Amino acid sequence: MTKLKLSGVSKAYGATLALRRGDLELDTGEVHVLIGANGSGKSTLCKIVAGSVRPDAGEVLLDGRAVTVSGPRAAQALGIGIFYQELSLADHRSVAENICLPDLPRKNGFFVDREALAEKASRYIALFESVAGAELNTAAIVGDLRADQRQLVEIMKALATEASILIFDEPTSALDRAQVDRFFEILRDLKEEGRSIVFISHRMDEIFAIGDRVTVIRDGETVGTEAIADTSPEAVIHMMVGKQETLAAPQAAPPSQEASHEIALTVESLTGVGFRDVNFAVRRGEILGLGGLHGQGQSALLKALFGAPPALAGQIELSGQPLRTENPRAAIAQGIAYVSGDRGRDGVISGRPILENVTPIHALRDGLVLARPTRLSEKALPALKALNTKFAGLSHSIGSLSGGNQQKIVIARWLIDKPDILLLDDPTKGIDLSAKADLFTLIRKLAKEGLAILLYSSEDAELLNNADRILVFNGGAVSRELSGAERTRYNLYHAAYEAA
Amino acid sequence: EDFKIGLSNGWVGSEWRTQMIEEAEQAAAAWKDKGVNVEVVAQSANVDVPGQIAHVRNFISQGVDAIIINPNSPTAFDPVFAQAKEAGILVIATDAEVSSPDAIYVGLDQKGWAMESAKWLAETLEGKGKVVAINGVAGHPANEMRVAGYREVFGEHDGIEIVNEVNANWDQAQGQQAMQNLLATYPDIDGVWVQDGMAAGAWRSIMDADKAGDIAATGEIRKDFIDIWTENDLNSGASVNPPGVMASALNVAVLMLQGRELKEPATAGQYNNAMYLPIPFISSENLEEVAASVEGKPGYYSYTSSLSIEDAEALFK
Amino acid sequence: MNRAIEIAKNPLLIALVLIAALLFLGNTLSPGFASGGQILRLLIVAALLGIVAAGQNLVILGGREGIDLSVGGVVSLSAIVAGNVMNGMDGGIPLAILACVATGALFGLFNGLGVTLLRIPPLVMTLGMLGVLQGLLVVIRQGIPSGRAAPALSEFVTKPFLLGLPGIIWLWIGVGLLMAFILHRTVFGHRIYAIGSNEQAAFMAGVPVRRIRIALFMLSGVFAAIAGLCLLGYSGSSFANVGEQYMLPSIIAVVFGGTPLSGGRGGYTGTMAGAVLLVVLQSILTTINIDESGRQMVFGVTLLVLMLFYGRGRGLRA
Amino acid sequence: MTSVSTSTRQENQGFRTLLGRFPFLPALFILVVLLVLNGIFEPNSLSFRSLTGLVRTYMALMLLAVAQTYVVYAAEIDLSVGAIASLVNVTIIVLMQNWGGGGLSVLAALGVGVLVGLACGLVNGFVVAALRLQAIVATFATSIFFTGLALVILPVAGMPAPTVFWRTYGGTFFGIPFVFYAAVALAFLLYLFARTRLATQLLAVGDGQQAAFQSGLPVTTIRIGGYVLCGVFAALAAFCITGDTASGDPLVGAKMTLFSVAAVVLGGSALSGGFGTVAGSVIAALIIGLINSLVFFAGTPSHWQNFVQGLAILAALMVGVLVSRRGRA
């Protein structure tokens, strides 16, 4: 039975047509997966359903009746709850207040019913008891929590609406495997209860693990809907990329040990906030993978090598010379590059032209004082071209691009003046499949040109397919090194999950 | 004899105020020759009305014998002055009148001060012409009394028309800008009634517009302006509001603390508690004399006068 | 059509249209208001405000709730310092300029250090600094000789200098060109925008965030100090609190120029128009013959109405 | 080595939890230090009578700081609180005068005063939240407007308040000064407000408007609610000003606006919103008062007083910000 039906929904942000023709049929009691490349309009579609974005055209039918969702409150009244991709949490409020924020329990009209608040919140926290960590309790301040815990709170907040339609826009991007598993169990229970669920993820395995049907969106248009049972990952990818058959298939086995013997970076007993006593050496031309469950110190290590913030103890040597990275500027000056997956926070200089987003590293390394647009363009264009970046003009705001292209801009800024070491901190987070393929092709090419590359990825497949060696992190320390034929999913999980 | 006198000043935004405190401190020192030890404690800072009420409370805590205050409000101090009186403290306001029956006012009659210069302007214009006024802060009691003063005088002259009145908040630069705008809009004005430091600004605009010869305007009492006045032979006249008023009030206070009685009790003014001091006037006639008396002083120094101890004694029985 | 709306939303254009409209209105209400000489004199006043607003503009562009409430205090202090250094003599002008710039830079440095090293919110830091400066004005006026402007300085500000325009207007044009150059043609300018729109990303791209923010506060101090020097020339002598009237108007001029207080967007050309707009508006109000209470009410409402044309925040529902 | 670092971390944790629960502790500490210093320089300043005077005089600033805190909760600011206080002050003075000055007329005038504050808050809320103008500039504009209105109602400072009104405010009942009853009532009121949904919602909006909106909160209404609350507390502040000054003055509150902002910061609230306490603001208002008197009692020469006071307030602001941040960071 169709619970919710969208037909011909469209939305333009100024000149950007985010959604051309969004169609979706959501049945009662199903998990409906929405998939599409970055910027294809998934979040926009969800936000329209949830009332936080005003559609330009189109029709929304709820239980067969046409409805107008005039805002988030109206959506809640209609029984629609949502998990926002970028979260909707109040950092200084407690977990309990956040979970119940949409509808604070009231007492005597004006007051918050504290008991009811705590009671309601604990019910939802209990759902994730085994995987959430002890810090996540009703009184904890959300801003003090880890990223995955915050994401869990947002999930609880969505669940607490008790809505009959639940939309999850990339709810698993920061969760570890155990958390995802628990979340999927809950989703199955909800399905049993007859709730209708929209689920978005870029991880193919998750989609096939939880979905009943899948709808593919391409360039703001719904391409089609298939039952999961009747389709395959390849078929879905084909629907996503459409006619462009150029998608490079992931490498089954990466080229092993093409690296030279010249050591680029040595790290000895490096200790910092979040990691301790890390030792390794990377050669030029090598891609060293950092694996394990997320949050085990991989990101912190990469950031420390980049000086943001610097490590507390231990030695780093760059080509045999001791390296001091007090701050990113010092690191950059010594030829270190760092690409963060959190581009909204660490990468994109929002609201500024593409040119200004590509050139800051060049300006720093060349010690430029004047910013001559023509000269800077000459430097920027080849780098952007190498990444197949799509953009209308260098003077356009970076905000006019899709997420994947924004990320390419951020990467391109490191390619103008070649660095010696490239630190990749989950660089494909939220990037679509074709962009990912482009990126890894490029990374391999850079390695061949003599760069030493450190790659952390939250997706195991990415590591296994692209890294020459993998350091598995567990509890802030390296628990195992996998190289050559050892690089199997089994070994990776084994090292990652064993008690630290 | 030992007396402790508290001086309270709630605004330090002009040099006139600092000069006022300094002169009062000097006046206190002068009592030494008479064998009277007058210790002054001063509170002088930018405060709001509650902040200045706190000044008075602080003086009460310290147990001073008298408080001399240049008040930020005419009426706001009634309750706290009542408390001061209860504590046996003599309260004298200066520069701005207060409504409290528990205090007396020793200073100028602000309305009379404005009338003096308005009269000068009206006479200079021979009783006819278009006049504009540039005033201080709207709603400020001293300003409103002055406005009432010049309006009364100009009202007595049928030939004088007030074409516009603007507020420049006692700020010299704002006075200059206001005058500039007024000159653009009313090119044919004959006179300007303007108070205090704003007069220097207004005159600057008048001179910039090359109208110094055609316009008569009131002036002010700082040395900088006296110099310009002299150099350019301006058609100006200024009632003097001397910073020495607080010193005068201090001398009166000491005599009252000594238990002496005023010949004529302070009963003047709208609140029936005022004792008005004479208002000196500067015009072309005595300009040279005034200029000589401020010779060698800094530019912001105001021409001043105050009751000497002897002058003050003359007021007492 | 869309393009027409884009153009019509340009803050500079809005300001220019509004200025023209106000001048027309002013001239209708009181003939002579929009005469050439009067416009020139309004521009002098606007230049004083505009130069203060240049620094304010930079600090605001730098983001992190950048704002400088201490500009008024720096203007006053600088006028006094300049007056005492030159003491009415042309020969003292170069030294006075140096002293002013140093004063402005010093207090800007204090603000900048407080904001970056101690991470005090700019509003709080500069508000506190304003209190300190007001106190300092009283202290340094004790027993210093004088505060007369040198004749050459006064002429520079008030008398025609080149092509019938006073020097201060040329100075202002120079400030405008300098600001445009800094903001758009230097790496420093790009970095200002970068820290204004995403400080963390700028930091990760090697931008010396603190140094730049400190530099912005110092520039704000320097611009305020230069304005103080010019104000001394304008009014002929220095006096306490001359600068007080610039604190909030300098912020309004920036906002009217299309730079939102959130930073990272906007520029100085609009601010220049914003300064003129504000000065013209105030002048019209002075010349209309109504009670001060009426003037204030009209002024308040007009500011609100004008703000509707600018930087209205975006709706929450996209 | 590891154990050392964890134990210091735990201490830090303890300090943070303490500060998280009682963000006004640093302010309270400064307050106590100032009281002691005042007492050392002028023992009389700690007498019951002096302390009563202190509270009586700074009650208005306390209330204005509270008013400001509620808008700061939502990451907003109100530069018109002083003007609202002036407007309410002249309104109630004129009404009390016109209605004869009896007990009933006083109460009626106070009722109107609250409504005036509420209306001003609505205007601010409307221009900031509904018209989406930038708060600093928009409330500066409304403050000019409110001042104009106050000048229309009472063109010049001076009309006296009915005796019954200010005698009550300055009076003593059952041996306890009226202001202490008022302070207790205020404390209770603030306690109640802290438990309202509006308080939580304001803080949530301060943490992030977009997120709050997407969570389904009526953001515009909440922001207007903050300004209305602010207006009402500004009206209460005006009552205290009127009680302490016994007269009307259309400019009386003007200088208090920036002090109210300073008090909010000093009290440990974040101007960026989402975090803060009204208790801190109340304490901070007293701190400002005590700094002023300490500068005097310590014997600072008159022309240095403003400077020293400015420095002391700047220093206190820095301490307030630094300590409260350590509690949160």
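Things to note:
Each chain carries a letter (A, B, C and D) given by its place in the written order, and its residues are counted from 1.
One rule holds for everything that comes next: a residue touches a chain if its C-beta (ideal position, glycine included) is under 8 Å from a C-beta of that chain, and two chains touch if they have at least 3 such contacts.
Protein identities per chain, from UniProt: A = Sugar ABC transporter ATP-binding protein; C = ABC transporter permease; D = Autoinducer 2 import system permease protein LsrC.
Remember, it's a predicted structure, so these values are computed and weren't measured experimentally.
Interface comparison, C-D against A-C: more C-beta pairs in contact at C-D. Using the average of C-alpha coordinates as each chain's centre, A ends up farthest from chain C. The distance from the centre of chain A to the centre of chain B, each centre being the mean of the chain's C-alpha atoms, comes to 71 Å. With each centre defined as the average position of its C-alpha atoms, the distance from chain B to chain D rounds to 34 Å. Note: centroid distance chain A to chain C, computed from Cα atoms, is 43 Å.
Shared interface positions of chain A, i.e. residues touching 2 or more other chains, are given as 52, 71. Residue positions 134-135, 138, 142, 291-293, 295-296, 316-317 of chain C each touch two or more of the other chains.
Among the residues of chain D, those in touch with two or more other chains are 151, 155, 210, 213, 303, 305-306, 309.
Checking each pair of chains for touch leaves A-C, A-D, B-C, B-D, C-D.
Against chain A, in their complex, chain C makes its touches with residues 2, 184-191, 193-194, 197-198, 200-208, 264-265, 316-318. Those residues of chain D that touch chain A in the shared complex are 20, 192, 195-198, 200-201, 203-204, 206-208, 210-218, 274-275, 328. Considering their complex, residues 7, 9, 12, 18, 21, 25, 41-51, 53-55, 57-58, 60-63, 73-80, 83, 99, 137-141, 144 of chain B touch chain D. If you check the complex, the residues on chain D that touch chain C are 77, 79, 127, 131-134, 136-138, 140-149, 151-152, 155, 209-210, 213, 219, 258, 261-262, 265, 270-272, 303-311, 313-314, 317-318, 321-322, 325. For chain A in complex with chain D, the touching residues are 50, 52, 71-73, 75-76, 82, 84, 87-93, 97, 101-104, 106, 110-112, 114, 141, 157.
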